[in-house]
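Order of writing sets the chain letters: A, B and C. Residues in each chain are counted from 1.
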Amino acid sequence: MHAKRLAFLSLALGVAITGYMVLGARGSWSFILPFRGAKLAALLLVAMSISTATLLFQTIARNRILTPSIMGFDALYVMIVTLAVFFLGSRNFLAIPELVTYLTALAVMVLAALLLFGTLLLQTREDIMRMMLTGVILGALFRSLTSFATRMIDPNEYAVIQVASYARFNQIDTDLLGVSALLCLGALLAAWRIRHRLDVLALGREAAINLGLNPRRAAIEVLILVAVLVAVSTAFVGPIAFLGLLVVSLAHLVTPSGSHAILLPSAALISALTLVGGQTLLDRVLGLSTPLAVVIDFLGGILFLALLLTRMRR
Amino acid sequence: MRPIAIGLAALLALSVLSLFVGVAELGAGDEAWALMTISRVPRLMAVLITGAGLAICGSILQVLVRNRFVDPMTVGTGQGAALGILLVTIFLPSAPVLVKMAVASATALAASVGFLLIAQRLPPTQPYLVALVGLIYGGIIGAGVTFVAYQADLLQFIDIWTQGEFSGVLQGRYELLWLAAGVAALSYLAADQFAILGMGRTASINLGLNYGQVMLFGLIAISVVSALTVVTVGMIPFVGLIVPNLVSRIHGDNLRRTLPLIGCSGAALVLGADILGRLLRYPFEIPVGTVLGILGAVLFLWLLYRPARHAR
Amino acid sequence: MISVSDLSYGYRDTPILTDITLEIPKGGVTALIGPNGAGKSTLLSLIARLMPLQSGRIMVDELKIGTCASTDLAQRLSILPQVPEIAARLTVAELVAFGRYPYHKGRPGAEDLAQVETAIEVFDLQALAHRSLDTLSGGQRQRALLAMIYAQDTDYMLLDEPLNNLDIAASRALMQLLRQMAETHGRTIVIVLHDINYAAAYADHIVTMKEGHLGPCGAPRDIVTDALLRDVFQTDAKVRRLDGKMLIDV
């Protein structure tokens, strides 16, 4: 049953990709195909990163409502990049090779995520609501700090970052595609390799220990992967709050299973379909000017509310 | 000395300071007088009214929802007001200001009622859930506002309404806020009723209170003040949450006694944040919404993790 | 053999276990009994490395708890916690299959599949094998969890009040199975029991605990007496002997 559904999802994704590449093309194909191809590659990377990060995070948090975005991961990354501009000054910031800044921000991101969310996740699980609320408020705090830092920098420099803090699928920065793809594929591969361990972790702390795993160490490893994946996708397109929640919930619906060997590809396919298909539909077919991120946030927000109201009511 | 007296003295000192902080050099004579009446005094008034109004609204909303972690600007009231003013701007651009305000207040009211209906279905044993649902509910309405604004090409307005800022306040551009001041003052008359409402429906009915009527009055007051604030200066987060919590921690929940203090503290908080925003990056300004976003979030986290003083 | 020496454990300022030194012999059924809050579950959790040690030492054969590789211990010792919270949406067969994870790490071989099959049969779960766990009754779920531990096939099995949720038929069947495993396969079963009647009837050794301290230990017929019930459990129930069996007043 799952294999058939995965095949169907792949087929749908194939159609969406074709649509994205050919629809509304004006001009020579030799220009359009590589131009759109690079953006498509970035979209696919982002889609897989977000779905995988969300799935991993939900497994260690043992909660189907929490996602890295809801807990403020992407806001944290945007803040780190902004603070880098703030402290290094934009002239330096731009003079330092982009790659170095990028990797430094990534390293800081991994550390900060471990410190902040590691302690939050490893604390006693008695009050999941307070934990979620903490995440949401932390996200708000990071966003305010980002906006504060951007205001402290000259209005001129403000422009440098503003580009980096909105979800935008249309003007994807493809300069770093190579490095990001490498990082991202590495993290995705690592996630795939631990898929069986993830299945065991999902059983719960005591069951996982009984079967010989160290949940604490596993949580740290998974948090590192999540931090890298979120950083890469945020660097590409900016924060999209509810995409992860939306696609992973859909994956649980389409391929209900406790096995990450099924859930990981299923969520990745649905995520890619949502981004590529949604972008094609919104931009090339309907001709709407609203960014896809806004639509996803609206739908995902409603889903989140519905999940909270039905699942958490006792 | 009574706390309210200390509060008033502090507020007065801050107000005087506020009048003398600014980019334009204060000279002497007519020019200085003009600068004061056209810019500095209106700005001070706007700040005071907004701060006091939001803090009072926050404590009323917390009583109505019976939850300490809600704030009109984050649970949909503010976003509802923004949606209303956006729709009026699109469909009735030539409507008089008062009509626009009425529509914004009405949508704010509808959004608040929606939140209240959801909140009442949630278990009172899970206070954080109510707060979380409120934040997401507000976020969804906010996403709806952004969507409409994108389609209507009105994005620049969104920034004005969502980023609370007082730098645009000038004589002739803020007077509607006095209406908010009036509503906030009026709600003080019902302080006892609100306090009883906070004890729950059964207790209210037992004490002979018209539960629905008081509830509706409270919601209308919150919606009008929020709508006026959003349209005039933009959204200012966390004031309505932090101030009532801090005051209640020290002075309890007898609203007749604490509402003046709450209003006074709210005004002082926003004024302090406004002065800070003007000084930090002189001669540029940091919006008061950003300053309070940081201060408020930190205080909120502290409230979440403080050692419990009361049972709740 | 499980040997515990000088084990103490506390939560904040409250001591839960104080200076426990204990040897649980290899092979046989050892029952852990005592009033509520005596520290039985804590002791079991510490042996099974579910909680970090604070002071003292625990050895399971040559494996030292706290330093030995968790995955090695998982092939030697298994635990069924008192309130096992399985969050994942799994079928019974999927859950039982996880019992083999310590051996195959995600790639089950033919032998693993056979073991799972056996475990499902032993606990009479064939009809439920493809039902989701959240559709089962408390007793059925308990049996599924027991089957998972069974499939794990370890020398030592720690069971924390496994009779919860089980009716009398299932309780007796489980105790008989445990006895049989101990006798024919040389397994070591450590089991927390609420009902002293079960302990007296099925255990080879009884370890009693009270307020974090060790009480009398020994064979049931030697230690289960009126005095024990009075000292450890603070109740005036009498022990009666009938046809060579012990029965405790209820």
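Following the convention adopted for this analysis, a residue touches a chain if its C-beta (ideal position, glycine included) is under 8 Å from a C-beta of that chain, and two chains touch if they have at least 3 such contacts.
All values derive from a computational prediction rather than experimental measurement.
Of all chains, the one whose mean C-alpha position sits at the greatest distance from that of chain A is C. The interface with the greater count of contacting C-beta pairs, when A-B is set against A-C, is A-B. Chain B and chain C, compared by their mean Cα positions, are separated by 58 Å. Chain A and chain B have Cα centroids separated by 33 Å.
Averaging C-alpha coordinates per chain places the centre of chain A 43 Å away from that of chain C. Contact residues on chain A toward chain C in their complex (touch as defined above): 62, 195-197, 199-200, 202-207, 209-214, 256, 258-259.
Every residue of chain C that touches chain A in the complex is listed here, in rising order: 48-50, 69-75, 78-79, 81, 84-90, 94-95, 98-99, 101-102, 105-107, 149, 152.
Residue ranges on chain B touching chain A, taken from their complex, read 69, 118, 121-123, 126, 128-129, 131-133, 135-137, 139-140, 143-144, 146-147, 150-151, 153, 237, 280-281, 284, 286-287, 290-291, 293-294, 297-298, 300-301, 304.
Of all residues in chain A, those touching chain B in their complex are 127, 129-130, 132-134, 136-138, 140-141, 143-145, 147-148, 151-152, 155, 241, 288-291, 294-295, 297-298, 301-302, 304-305, 308-309, 312-314.
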